[in-house]
Each structure stands twice: as structure tokens, then as C-alpha cells.
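These are the structures in question, set out in turn.
Next, two complexes with chain A in common: one pairs it with chain B, the other with chain C.
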Partner chain A sequence: MSFLDGLAALAPTIGFFVLAVIILVSAWMVSHARRITHAAFFMVLVFTGVAGVFVLLGADFLAGGQVLVYVGAIAVMFLFAIMVSDLKEISDAETRARGAGTGSAAAGGTGTRKVWFVLAGLVTVGFAGLVLAALARSGLPAGAVGAAAGPGTTAPIARELFTTFLVPFELASVVLLVAMVGAIVLVAREREEEVE
Partner chain B sequence: MGSYLDVLVFLLTGVVFVFVGLWAAYLFRPHRPNPHKLSTYECGERPFGGSWVKFRVRYYIFALVFVIFDVEAVFLYPWAVIYRELGLFGLVEMFVFLGVLVIGLIYAWKKKVLQWV
Partner chain C sequence: MLTDIAARLQALFDQVHLWCSQSAFWSGVFAVGWSLFKVVLIIAFMVVNVLVLVWLERKVSARIQSRLGPMRVSRPHGWAQSLADMVKLLGKEDIIPRSADRALFVIAPIVSFTAALLVYVVVPMGPSAVVSDLNIGMLYLAAVTSFTVMGVLMAGWGSNSKWTLLGAMRGAASIISYEIPMVLAVLGVVMLAGSLSTTAIVQAQSGLWNIVLQPIGFLVFLAALFAELNRVPFDMAEAESELVSGFNTEYSGLRFAFFFLAEYANLVALSAIGVTLYFGGWQGPVLPPLAWFLIKTYAFIVLVMWIRWTLPRVRIDQLLSFGWKVLLPASLVNLAVTGIYLLWV
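The block that comes next holds the complex of A and B.
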């Protein structure tokens, strides 16, 4: 096996770890960026990274949907929400206070903050345990990552969606309609206030 | 996996293109700033106030309606892939789906939220 063949075989693994680093760093930046717009753009990067993970898993339709809906629409919605709100920047004072608080909690801390830390830790450990248990039960075959790049998942998903899951599919349109009417009602109310 | 390599190359080219462009401009441009050059260009008008202004909430409706029709497009794509298999049945079920969403569009139209004031 030549060097290039070896590299090609390793590519999905390398890709996964590169994506994992991008996702984790971006996610950290979402919660630590000072400007809220920057946080929104780092969130876009998280979404894009997750789309990459879907590609590695061979879930091409899911990857496309992720890019179209999350990177496209949801990101636009978040940016518009920032545009129409007053909130622009998480102030320095607030950031510093938060940093100091974390430090003191790590050093022993007091009261409610410590309770929250313990709770967060328990939830994290519990969730990690749940994921590991699910993995152990499902018996994920070795090398599943990148192995499923078959003829594409769109047609099988479509066959299921438009026959077996026809009713949920049609109900989805009703859910979307409710969301749209809700948004219209909110905007129409603001418009009336403007006219008054 | 091969076709995704094209996507990767495309992504990387896009990123590199931006940085090489900015870097090349930095290399070649003359650098003689004055207050007028450094002021924000606002269509020839004298700029006033900050650029961080609060927009009116009515802009938000366009984002929300876009999200909804974007999700609709995601459903249309797999439908189009197996359209021939589904035949008339598929056509009818998709038109039911679209019909429900058109109700929302008509409602928006009647409420005049699509009008620009």
C-alpha cells in the first residue's frame, strides 16, 4: 500500500477530527464572543461542521438539508432577530463578572453557583453515559464512518416519507402554517401600533 | 466520497480566494489616508449616527416566511427525485402540502404584511 492509498483510507478519520475541532472551538466561541453578531456567525460555522459530519456518515440528504435549513434559513433568522433587537454586545463588565464567577466556583465557590456546577456536571456525565450505552447496544460496526457512501440516501428517504409517513408529512405543513400565521399576527399588531 | 472532494476543494478555494484577494490588495495599494477617505461611505451623504441601529420588527416577517418556504423546498427535493415512481398520487399529496402553505401566504397577503410602507 502506497503512502497515498494510506492517506485516502485515513481521510474520513482525519476529516472527522478536523471537523470535531472546528465544531468545538466554534461552539465555545458562540458562548464567549463579545459581539452577539459574531456569536451568530460562529453558530453558522457549527452548523456547517455538523453538515460535514453528516457527509462523513454517508447521510447526504441530511447534510444538504442541514446546509439549506440551518446554515441558510435558521442563520438568517438569528441575524434578523439580532437586527430587530436592541442587544448588540455583551458588555465588558458582564463578561468580566462571568469570568470571575467561574474562577471562584472552580476554587471552591459559594452557594447557588456551586449547586449549578454540580448539576451541570451530573447532566453531562449522565448524557455521556446514555450515549455510550446506546452505542454499546447498537453495536456500531467498526469503520462505519465514511463507509456508508453508497448510491445516496435521498431516494430511500423519499420513498418512506411519501408513502409510509404520508400523514406526518402532511401534518408538517400544518405546523409550518401555524408558525407563519403566528408570525403574521405579531407583525400585523406592530403595524397597527405604528398607524395609531 | 470522490464528489465530496470537489465540495471540499470548492470550499477551500472560496476561503483562500478571499484572503489572497485582501492580501494582494494590501500589497499593491497606496496607503495615504485622510479623514474624508476614512469616513464611512453612505451614498455620498455625510454619515450620521452609528451603524448599529435597531431595525423595525416588520423585517423579521421576511426571515420567518423565508424559513418556512426553505423547509418546504427541502421537502420538494426528495419528492422530485422519486416523482416518476409516485405518479399522480405523489402529485396530489404534494399539492395538498403546498395548498396548506398557500393558505398562510394568502393570509399574509390579506393582512397586508407583504406590502412595503
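The block that comes next holds the complex of A and C.
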């Protein structure tokens, strides 16, 4: 019976690793899926998996926000961009790029590829080190987020956002607003030129 | 008699619960089993309601158009029509177009169905009759409806047909545009209740229903509801007079049945949410909470059907400009007025 109880105690950890595998595999597929729409849908899976991790940490409000913003808005925007863009054009460009790749392979294409692999590896290791160092410095004990949150995280998050982090929060919304207005202005100008 | 059975079941449940709580493992098994039981219960509730609703919709539309509607399958008033329809749907050939994106095509109905199922988690049918009283209830609801868009987009893209793609893109555009005013309208109710939990929202309306306090919010919610549900006048994803049948044109048989089921299940769920938010949920005199919940929800559904069979479809540009230029400002004004009321009045 104690073995079974141990298994029950491990349930969150098992859940975490299942989610981690889903997230990592989906993230790999985002960059390696053959069709670009599949990549976008795998990205949805990544976002949802991250929301699952938030749930495991007891950060339910963050999980809800994650799905609402990333799945409901950002991923949909990606899909729209893919669907309205001329896919024939993309595949043509892709084949041309591939043709160029095979052409230059004779002139040391594999060499440049190796350099890229090494560079990507270095960046990955460096970034992972940075994240680990930040985690070690912050001294967050495991499960601290859930314990601090208590029954609900909505009120504490709101309190922090509108007291401690009021200025960064408002600045972030201004930056987003600027980006939005900028995008509209740019598109509107293009439209006008087309009409003329 | 009925209360006797209920008491016995309660006693049995308590015994099993007590026995299971002796060890961590068995209490885990109990939790999983209990959740599975709830899921089965929800699916049963969903299917029964959908069967009733399909018949009801045909009857309501017939009444509005001075027809009789289904009369022949069993008496009175052809009540078994939906059952016959279901058998027909299940018996149909399952076709996957050769040029379709197989994976997306197969997954899309499942995503749509799951999204509809997930909404039921926070629908309160009585003081303690809710699958899970999440303390982020309304946020959860807004998040889950995002997956509805995913199902529509997957189906539209995966079918590899111009009708489905156009339907999916229009549908997704209308759903995400109307989600914003809807969430802002709901926020007014959340501010009044001081909680995101659906149960707390119902309890906050024990004196006065929110429809009295939030008339603008309710109108915005009702308008956005039609876009979320893909119903006329905002049924952009289907638009059968222009796009054959919109995003699900290429589907047949069981897979089509899943979309059909999801659509009506969403109608029940969002009507129930509307009742929860603006009409005091399960609360009412004399009758038990579940009865009040069902009466109000069905009244709301009939209202939705009535509007659906009365108005013509709007164009996509009219739909989007109405959403952004009328509903969004209205919901913002509603939010501001609610804030001022809560702070100073």
C-alpha cells in the first residue's frame, strides 16, 4: 500500500513530466512540421501545455489568462496571417531556397550548416544557464507559488499589479497601444496607395 | 420516495468516500473516478438536451413561419424526430476528401466537441450542483471558448475547400471580435458580484437580478452570444445561402454529428451562462433550484431561437463594424458606469 501512496504523492510530478514532454515535442514540431498550419496548431498545443503547468503550480488565474490571450488571440492571429498570405508563393520561395541549398552544398554547404548547429547549441546552453542562474538567485523553494497563492490568485495578482507594479503595467499597456495604432496607420497608408 | 432514494445514495457515496480517504492512493482513485462519473453525467445531459433542442428548434421555426414542423415520427407533435435524425446520421457514410489535410480534418470535430463539453464545468445548476466551482469561473469560460475558434479553423483549413476556408475565416473573425465586448460586458457582472466564480455570481443576485442593474451589459452579451454560437443574424461560419454549409461543408456522418452536437451543446451552455449572469441562475420561489435553472435556461433558448428565425443574416463587414463601433464602446461605457456606481454610489 505504501508504494501506491508514494505513487499518489508523485502524481503532480508525473503530471509535470507528461506536460513537459508534450510541450517539448510540440515545440520541436513547431519548427519542424512540414506544413506551416500544422506548426501553428502545434504552437497552440505548446501554449495549452504551459497553461497546464501553471495549473499544477496553483496559478489558476495565470493559466486562464495564458489560454485566453495566447490560444484565443495570438495563435488565432498567426493562423489568420497564414491563411490570408499566398501559400503558393511561400512554397515556391521554399523550393527555390532548397534548390539553392543543394546547389551550394557542393561548395561547402554542409560546413555552414555545422556552424549554424554549433551556434544554435551555444545560444541554447547559454540561455538555459541564464534561466538556471536566475532561478538559483531568486531562491524560490519548490511549490512556493502555490503555497503563497492560497485559495485564489486573482485578488493577489490584481493587488500587486495596481500597487507594486502599477507603473510597469501601465507602461506595457501604452507600448501595446502604440504598436496597435502603428500597425493600423501602416496598413491604412498601404491601402490608400493601392486605391490611388 | 425520491428523497429516500437520494438519501440512500448519499449514504452509499459517503461510505465509499470514507473508505477511500484512508489512503492517498485510493483517495486519488476516488477523485479520478468521481470526475469521470461527472463527465459521463455531463455528456448524457448534453445529448438529451441536444435531442430536445433540435426538435424544439424545428417546432419554433415552424411556428414562426406558420408551418407545422415535424409531425409524423410518433405522437404528439413528432417528438421522436430527433431520434430518427440521430439514427440516420450515425448510419451515413463517413467521407474524408482526398485532398483534405487528414490530421486536421479528423481532429477538428473532437476539438469542437471538447470545447463545448468544457463549458459545462462551471455551469451552476443548483446551490452545490456544479461540476467544479472554479474561483476563476468566468475567466475559465472566456479561455475555453477560445478552443471553439480552433475547432472551426481546423475544420475550415483541413477540408481544403474554398467554402470551408471562407466560412472558417469569417467565423473566426466574428468570434474573436465579439469575444472582447462579451468579456467586457461580463466584467460588469463580475464587478457587482466581486467574484469570478459562477456560484458566487448567482448568490449575489438573491435580491435583484443583474438584468435590472446591467441592461446595457445584457444587450451586449446577447448580441455577442449570437456571434459565439454562430447563429443567424451572425452565422458567418455557416452562411448556408452563400457558402453551402460553411466550415463543415465537407463533413458527413458521425463527424458531422459531432459538430452538430457541439453547436447545440454550446447553445445550452451559453444560455445557461446567460441565465447565471443576468437572471439569478437557479434561484426562485417554491420550485427546486434545478427546475428553476431548466425553466430559465429553456426560456432563454427560446428567446435565442425566436431572434434567429426573425432576423436576416448581416454581411461580414456590417458584422465587424457593429462589433467594434457599437458593442465595444457600449460595453466600455457599461464598465465605466458600473465602476463609478460601485465606488461612489
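Methods note: the second predicted complex is superposed on the first by the 140 of 196 C-alpha atoms of A that agree within 3 Å, B and C clash if a C-alpha of one lies under 4 Å from a C-alpha of the other, contacts with A are read in each partner's own complex, and residues count from 1 in each chain.
As a working rule, a contact is a pair of C-beta atoms (placed from the backbone, for glycine too) under 8 Å apart; a residue touches a chain by one contact, two chains touch by 3 or more.
Since the model is a prediction, treat every value here as computed from it, not as a measurement.
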Which of chain B and chain C A:169 touches, first, second, both or neither: first
First (chain B), second (chain C), both or neither touched by A:38: second
Chain B versus chain C as contact partner of A:179, first or second or both or neither: first
First (chain B), second (chain C), both or neither touched by A:113: neither
Touched partner set for A:61, first chain B, second chain C, both or neither: both
Partner chain in contact with A:7 - chain B first, chain C second, else both or neither: second
More chain A residues in contact [chain B versus chain C]: B
Which of chain B and chain C A:73 touches, first, second, both or neither: both
Touching partner for A:154 - first (chain B), second (chain C), both, neither: both
Touched partner set for A:83, first chain B, second chain C, both or neither: both
Chain A residues contacted in one complex by chain B, in the other by chain C: 11, 61, 64-65, 68, 72-73, 76, 79-80, 83-84, 154
Residues on chain B engaged by chain A in the complex (per definition of touch): 1, 4, 7, 52, 54-68, 70-75, 77-79, 81-82, 85-86, 90, 93, 96-98, 100-101, 103-105, 107-108, 111-113, 117
Of all residues in chain C, those that touch chain A in their complex: 23-28, 101, 103-104, 134-136, 139-140, 142-147, 149-150, 153-154, 157, 165, 169, 172-173, 176, 179, 196
Parts of chain A lying in touch with chain C, wherever the complex brings them together: 1, 4-5, 7-9, 11, 35, 37-38, 41, 44, 51, 60-61, 63-68, 71-73, 75-76, 79-80, 83-84, 151-152, 154
Partner chain B, residues of chain A touching it in the complex: 11-12, 55, 61, 64-65, 68-69, 72-74, 76-77, 79-81, 83-86, 88, 146, 149, 154-155, 157-159, 161-162, 166, 169-170, 172-174, 176-177, 179-181, 183-184, 186-188, 190-191
